[in-house]
Every structure is written in C-alpha cells, then in structure tokens.
C-alpha cells in the first residue's frame, strides 16, 4: 500500500511494531508491553492525523491508487453484475464502465468512472478521463435503465473529462451537455456516490442525480486545485491554498447544500478496507432507493429537477435578501428598458 | 446535357435541326418545312423510345448527372429553405442534407441524399453514398421535426450506403438499423419521394415513410443490378438482365404494393425540366400531407407501422393461401415440438 | 429457487446432449481456424468450440439444445413457406433453391421461432439457420421475426434472437429489402412496451440482417470471432483497394468500436442470457423468478 | 405582412444604428486577425465585422440593437447580483473583481436577459457579456438563464441565447459547476413543451458554458471564427505536447465535425434567426406571423 506523505509517521511506527513482533518471535523475548505501548501511540497519532486533515491531504486520499473503484464496488455490491459496453456509435470507452446487477431488492444499473490500478490498465483506461464516447455510453445505459424501470447508481471518480485533441473533435462539450440535459429527463431514481475525485464537468456528466453522496475523503470541485492555482494565481505551487479556497471536501460540499450525505470511511481511508466501504455504500444506497422508489416516476423526475434548480447563491437587490432557493418567477418590479 | 446512349438518335436529329436553323438564318433560305418535318420525326422517335424503355435504360435516366437533386428541389419547393447540418457526434456528412422550410401551408423538414453535380462536389459528397453520420444527422433532424410537429419529406437518391472501412468502423449497420426502428416511432407524417436511385439499405435508411412516391424513371432495388449480376450470376456483364429480374422500376415497385404512386416526368426525364418536376412533386406532397395531417399523431404512426408490417409474400401451407397481408397472430394449429 | 441452484444443475447438460447426438467416436472435423482435426464427439461436448476458440456454426436444433432448458422449446409458425413471386432465376431458379434448402435443413426457411425457457424463465426466441440459403432474409424470415416480436409484445416475455445470415434474399427483390423495415418496426413497438430484446450475433451476420434487427438489441452479444458487417470484406477491399487488417469486422473489433455489449463464449451463453433477462425484464414477477 | 416585407424594411436599420452610436469618424480599431486599422464608424456600419470577416466582440447592447427590432427589448431580473459566499480571493478578492466588472460594463453580471421581438415575432433572449469577468458563469448567470428558460416555458415564445464565456466562475467553487446542470435541466423542461431554443455561439464559448446550455440548441449557430471548445487550446497543447492545427476549435471546424448547424455572418444573423423561429415554433399562431 502506497503511504501518503502525511501518513509517513504512522507507517514508521507500524514498521517499528512489525520489527518488534519479529524480534519477539525469533528470540522468544516478551516484548508485548512495548508493542502495546507503541500501538497505542500509533492509534493516537492516526486519530490525530486523520482528525485534522487539510483539503490538500484529503485530495491525496481521494486520489489514492488503491481506493475502491467502480468495477470492484459493482462486484462487491452485486453477486450477479454483468458489464455492458459500447456507445453504439464510435467506441467503447474503458474510462467509464457500466452494467446491471441486483442490489438488495433492486435490479440496478451501475455506471462509473474507472481509473485503472496498474500502469497498463491506467493507460488503457486513460486514468479515468473519459472521451465523449464514455458519456455517450453512460447515457445509452441510463436510457436503458429508464426503459426497464431500473434505478441508476453512479460512482464518480475522475480527474476530469479528457482535454485532448480527439476528445474535442468528437464533441466533448456536446456529450457532457447532453448528459446533463437528458439525465434530468430520467424517470427512475438516480443516486450518485463520489467515491474519489469529483473532477469538474467530467464528474457532473454522470452525476445529475436525486441524491449525491460522498465518501468521507472524496472531493468534488469545479476545477482541480492545480488548475485553479495555475490559472487564477498564476502559480501552480499554490494548489494547496487553492484547494482550501475552492471548498472541495465532502463536508464543504454538504455545507454548500449540494451533497446530501457523507459516508464514513475506515480509519485512514477507503483503501484500507473495501469490504467495509462497500457495506457502507450498500446500506446508504438501500436507504436512498427505498425512499426514492416510493415516489411516482414523475415525482422522481421532479425531485431531481428541484434539487438542481435550487443550486446558486446570489442576492436580489430589489428584495434585499440573499437567496439560495429562488422562486421560478422573476419579480415584475425588476424590469427595465434598455 | 449528357446524352444517354439510347438517346443518341434523338440528339442526332436535334443536331440536324440546329444546323438547318443556322443555315436558314445565315443564307436567308426558307427551310421551315424541312425543319418541321425533322422535328416531327424527332418527336415521334422520342415518344417511341421513352415509351419502351428497358429497366437498364431507366436506370441510366435515374442516374443522370443532371437530374434534380435534394438541395435544388428543397429550394424550388420552399422559398425560405434553411439547411441544418451535423450529427452532433462525429461529422457533418455532405452526402445527406436536410433543413427546414415552408411548403404550401406546411412547415416541413426536408431530408435527402445529395450526390453532387460536378466532379469536385461529387467527391465531397461521396457520390451520395452516406457514412453512418449521414444517417445519424437525418435521425437528429427527424426527431427535431417530430418535436416541433413538422411533417417530414425525404428525397431518396443514392447508389447505397458507402461500403468503406471507416463507415464500417463507425457502425454503418447500426446507424441504418436505428433509423429503420426510430422512424417507425415518429408521430408526424413522413412522405418519401424516390427521385433517382433508391439503392438498398442506404435508401431505406431515410424512407420508412407513410407514403412512398416515385418519379417515373426512378428505381428502387435491394441491390444494384451490377452487384446482383456479379454475386448471383457471377458475371457482371449480366447487369441488364438482373435489372429486369429484380423488378426495380417505379411501375414494378407500385405493382408489388410497396410504392404508392408514380409521379410523371417531362418527356425524356426529370433532368429536362426541374421546374416542372418540382411542381409535380409539390402538388403530390400537398395532396399526401393534406390527407396525413388529418390524422392524429398516434394514427399517423399506426398508419406507417401497418404499411411496413404488411410487406411480404409467402404462403401458409396450413391455410393453403398465399398471403400478402398476414394477420398479426400466428395460427395455433402450426405448432410443433422440436 | 436461488440463482446458484440454477447454475449448478447445469453441469449434466452437456453429457446428456452428447449422448443424444450419438456420434460415433471415430468421425472428425477440421477446424477452419487452426486447421487441427477434432473428433466430433469432443467437439460436441465442447459446445462445438475448438480449443483455439473457433466457434463452429450450429443448426437451430443444436443451438436450442445447447442453450435452452431441455425439451422446453415449442416451435410456432412452421407452415409459412417462401413463394417465388418474381419467378426469379439466377444460375438456378429460386424455386429449385428453396426445394434443395428445405431438403437439406428439414426447415421451411432460414429461421425457427417459438417459445422456450431458460432456467425456467419463459422467453420468445428466434434462431436463424445459415444452412438455409445463407440465412438470407426474404418474406418468410421477415414475417416470422415480426410474429415472434408480436408474441413478445403480447406475452411480455423477453425476446432473444440468434442471427446468422448473409443479408437480404435477392431472389425476392425489393420485398426482401422491406423486411429490414418490417422487423425494425416491430422492434420499435416492442421497445415501447419495455420488453427486453437481446440480439445474439453469430457468424456471419452481414448486410440487411446486421443493418436491421441484429443491431437493435437492448443488449447486443456476439459469439467470438463472428463476422459482423454491413458491407462484406470483399466489397470493401474492392472499394479501398487495400487489404483489410486482421480481425476487421470480427466480434472483438465491434466490441472495441462500441457496437456490442459483450463477446461471450458459447460455454457461458446460457448463464449470461439468464442473468440478463432476469435483470432487465420489468414484467418479471417475483413468482416467475423464484 | 409577408416574409419579403420583413426583410426589405431592414435596410435602413444599420444607418440608424450607426447614427445612434454617434461615433466620431477619426477613431479607429486594429483588427486582431488581419492587423488592418479600421475606422470605428466603418466598423459600426459593418456590424463590427472587418473585411477579413473577423467578428469583433460585442457588448450585449450592441448585439441586441443589431439583431432585434428597434426598442423592442425589455430587460428583466436586473436586480440579481453575485455574492462572494466563499470569501474567495486569488490575486484579487472576488468582491473587488465584481465591483470593477460592474463599473466597467454597467451590468450586474455576465448576462442580460429579457424579451424582444424579431420582425415582430416575440422571443425570449439571453445575451452574455464577455466583458464581465470573461463571461464566466456563476450563480447569477445560471439563475438568469434558468429564469429566461422558465419564461419561455410559460409564454411559449422561442428562446435565443448568445453565448460568450470562458466557462464556470471559479470564484464560486462547486456552486458554479452546478449552474451547468441547472441550466441544462431547465432546457430539458423547455424541450418537453416543444418550444424551440436556438443557441448562437460567439467568440469565445468554452469550458462549462460550452458543455452545458451553449451546445444544447435545437439549432446551434455560430459566428464565423469563434473559439468553441470544452478544454482550451493551451490545455490541450500541454496534454498532447504538440501545436494544434490552424482553425482547430473554430466555428468552421465544429461545423465540419457535426456540432453546429450553421456558421452565420453577423450580417445575416437577424434574417436566419427570424426564419428559424418562424419555422420551428409549433406554438406560433397565424396571428403571430401575419
């Protein structure tokens, strides 16, 4: 397991504990009290470190190469998951995957970004950065789910849509835009879980959902802190600072009223125990799907529209109030002639 | 104007008439009676030739480079035609064109194959042989028409869908198949006019219509006579014979119950007078659209389904009858266990 | 009955199938791909798949017995037969070709349709027969496909069609072209009542068949190595005047190009199909599944 | 009133527009494309288009006066203003940037919305202002777009939006990202009541704006030479470590790639838009048109 830099002290202690254990085993010495003491220290240190992570450190966890990924979760959640491929137009994009399975009492369509774990797979899956055909495959599968009355679960984990020549040529903007629009028209419940990196439009392209859940150390941002730093601060080294200002952690995104719920991770992060994470997710999904499935098809759609319609913070100087939930009608009093 | 080989005698006479006219003009001789005589012979010859065209000769007219084409007809039919482009996915295919305009009292969407007239344009338009993106553009425009309640007119004129490497890679089969299916779901009237060559699936891909009209010398075939000859007869030179056997002329296709109506062409073919042809088409379209517009959206769709559902000639040995209009239910008596 | 039960009781199926075929052990076939000789008995017990993964073409009977529950298939519309309404003759009259094909295949035309069960789940099926005039689609094939789709519309059981066809049947002229629209139109109606359709594309699926119902599955599955195309490789090579790359227009190529959901080995076909129809069908009641 | 009448009485518009602007004849601008100097007066009478076809960027006022019927525009929702709810500061606090932009443009944010007429046909319009913080989309832009769409849903008049925007407004963090979904969601509702939406993409339209409402027109039109992209050219060049070809991500390129219906010279914009809204809108009564 790759140790993140701020985890170094914990791993150092863990190493010492392992050494002591080996020594105890090979020499028959009784070192248990020493081991216990260091373990206690390690636990305290862990609790301290993980209780006060900076946004920059949280991003490192969100990007950890061993974090549970969409295909792994799909197979942990559904014993009968069947992957389905292809956009029926140009290519199967391996950076977005999808398929059907049984999740508790629901037949579901699961769709998500897939970054790849080893180097070869990472390259094949373009580090989880989709081309337009990835979004088109996702939309095809969502429409299939809508047709067959299957709730949709999406797992968000991407640095962003791929900023490449071919992606632009084949309509990256169009593909994402179309998904944003068409997802609003779905009549089945859609629940998204940001499991790692929620990178900008590339994340949103599969996340126009009735419920947005975030794993504890997942992030969701309009732009990568690195991108923000180099554009706004003209200084890429200020990414840590940008990460703070952009408000990208699960808690921030919940506080802004965008994410609905934070799903706790095992101490140290989701990569330490996939099984536990999948159980947490399964329980949360069952919960949300139970509630959403009680609604009519039209109500499910209306619920999703209202959620996204309400996003925004601005003031109306005519009524002197900062509004996060504007009415659909504009006030007649604010007309002016050009 | 390119003379087709069987038209040679007519053009020879026409040349002679022109010579006599010039002679008369330059020498002040009175040659009118000679001219009249030859003209009368030319008219008789024309009438004879065009009254007894073979299918092979009709194909030559159908393929004449100066036949009216989709864009020309769209502009003759609608004073306000606006072309619309693009499949919103990969490319604008210039071999299928489309756009909106006013046709009599109707706002219509016009879509059709476009072969190109000069060499450069022929190449750019791939000789009217679409890639998958052409069919996808057509479908996009048809769905737009459906959304805005605009009747659809399609002009069929293609040797066939392009049999090339990229066309296969990008899903030629999928694109055509999808159009066949989705056109059945349209709730606005669709009228197709085969204006030149109706080449196989590439033609059908925009012609699943409530009414199928054919210009007098247009053809519609499951395979080009050349293709048929080389596959079935293993002898490409037998194309003339294949053209006869395949039953591809407007009259044949009407006799088989597939086309609804033949639109007469000026003597010698549509390429002799585009204006007259466009007036014939305008009148026929107004007529068909008047009738179809009287139906409800659901009835328009059902009418189209019933039309295509009825196509087929076979016999049911259980009921000892050759049926062209089978019932939707299969007879229970014809079950057997494997 | 649990999902696991379904799958475990399947093990005995192949040996039974093999017994039923009663093939003497000393007959063999040559694999067109690796050129190895294989005993027919071995081939039969391996789903007629060579060790090199070459999938031998199957008759409708073979395919139905391999995939569906034993004895569950009941064929319908066996009495529909082709008519030579164009009096078509190429190197041989159409009517003679029909007679020969009927004699050879024991079928009336290039498709068999009916109802069967798959792990007790009822399905509507169509299985094409490449042995009958290259699986070509004329009026009878089109009519039978439309009819089995209409059965699915009425009984709300999923539809599975196995394709193997060279395309439209030229001997029926433009009428065969119209079967593309007729079958696709019926699928549009099926789609509107949300009954799942799984298309299983087998070697070869080309021309008018691929450009209509074969490509229109909610889920498109192909057997490995199947040729799937609109225009055939020979026609394309004439067009571009170049050799096509190896694997062009084969299942795996189409999977990469986004046209197929999966390429499935014949051994796994029964289970994948079962899982898919169980998951996709909104009309399945708990009673049907348990 | 006939279609021809509409168009003929337009000839006098430009000179009137020019008079109104009252530009002294001795001021000039340099064309960023051909580098020629052009008198502002000449530029104004040419729709602010250079002879080389370079389309100068327009303020919302200029665009509205060029395209819509004189005096027909009535702006709504002028009182919505941005809030620095993240207390964001990059090289400059967001609140300071907002103040400067308001002072410079005389607008509250990067879009102006309202109703106007086009050859007497009523339309709902939105016009973005690149001069206001690069036309970036924060909560106010998103809200105003959603509101003008909702007006279209209620009054059934067509919607035309002119985009010119660098994308999402980073200073509002994730909230600006959500405006992409909010505007697209509203367009889905518009689509369901069959009211036409024409998107006119002007230079530049990139990032979150192109990947939401800008690309979602029933008809997508662009001005010539406009930069239209998801990722900007600089980012892509860093990704592929190569220079991009000339014309990449420009209107004409996108037209070829199937993303646009037309590229329309500013001179023809008014007439094309009129024809399109007249033809597409199923809610237009005869009374509206005649």
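Which chain is which? They are A, B, C and D, in the order written, and residues in each are numbered from 1.
The criterion applied here is as follows: contacts are C-beta pairs under 8 Å (C-beta built on N, C-alpha and C of every residue); 3 or more make two chains touch, one makes a residue touch a chain.
What you are looking at is a predicted structure, and each value in this text was computed from that prediction instead of being measured.
Look past chain B and you find the other chains held together by touch in one piece. With A-D and B-D as the two chain pairs, more C-beta contacts join A-D. Note on chain placement: the centre of chain A and the centre of chain B lie 53 Å apart, centres being C-alpha means.
The mean-CA centres of chain B and chain C are about 33 angstrom from one another, to the nearest whole unit.
Measuring from the averaged C-alpha position of chain B to that of chain D gives a distance of 41 Å.
The set of chain D residues that touch two or more partner chains comprises 191, 257-259.
Residue positions 88-90, 170-171, 174, 178 of chain B are each in touch with at least two other chains. The touch graph of the protein chains shown belongs to none of the named shapes. Inter-chain contacts occur between A-B, A-C, A-D, B-C, B-D.
Chain contact summary for the complex, chain C toward chain A: residues 3, 191, 194, 196, 218-220, 255-262, 272, 275-276, 279-282. The part of chain D that touches chain A in the complex is made up of residues 61, 64, 71, 73-83, 85-86, 88-91, 114, 138-140, 142-143, 146-147, 150-151, 168, 170-182, 184-189, 191-192, 207-208, 210-216, 228-231, 235-236, 239-240, 244, 248-249, 257-259. Within the complex, the chain B residues that touch chain C are 161-165, 167-174, 176-178, 180-182, 184-185, 200-201, 204-205, 208, 220-223, 228, 231-234, 245-248, 252-253, 256, 258, 304-305, 308-309, 311-319, 322, 326, 328-331, 333-338.
Considering their complex, residues 88-90, 132, 136, 170-171, 174, 178 of chain B touch chain A. Taken together, the chain A residues at the contact with chain C in this complex read 79-80, 82-93, 100-102, 107, 133, 137, 144, 147-150.
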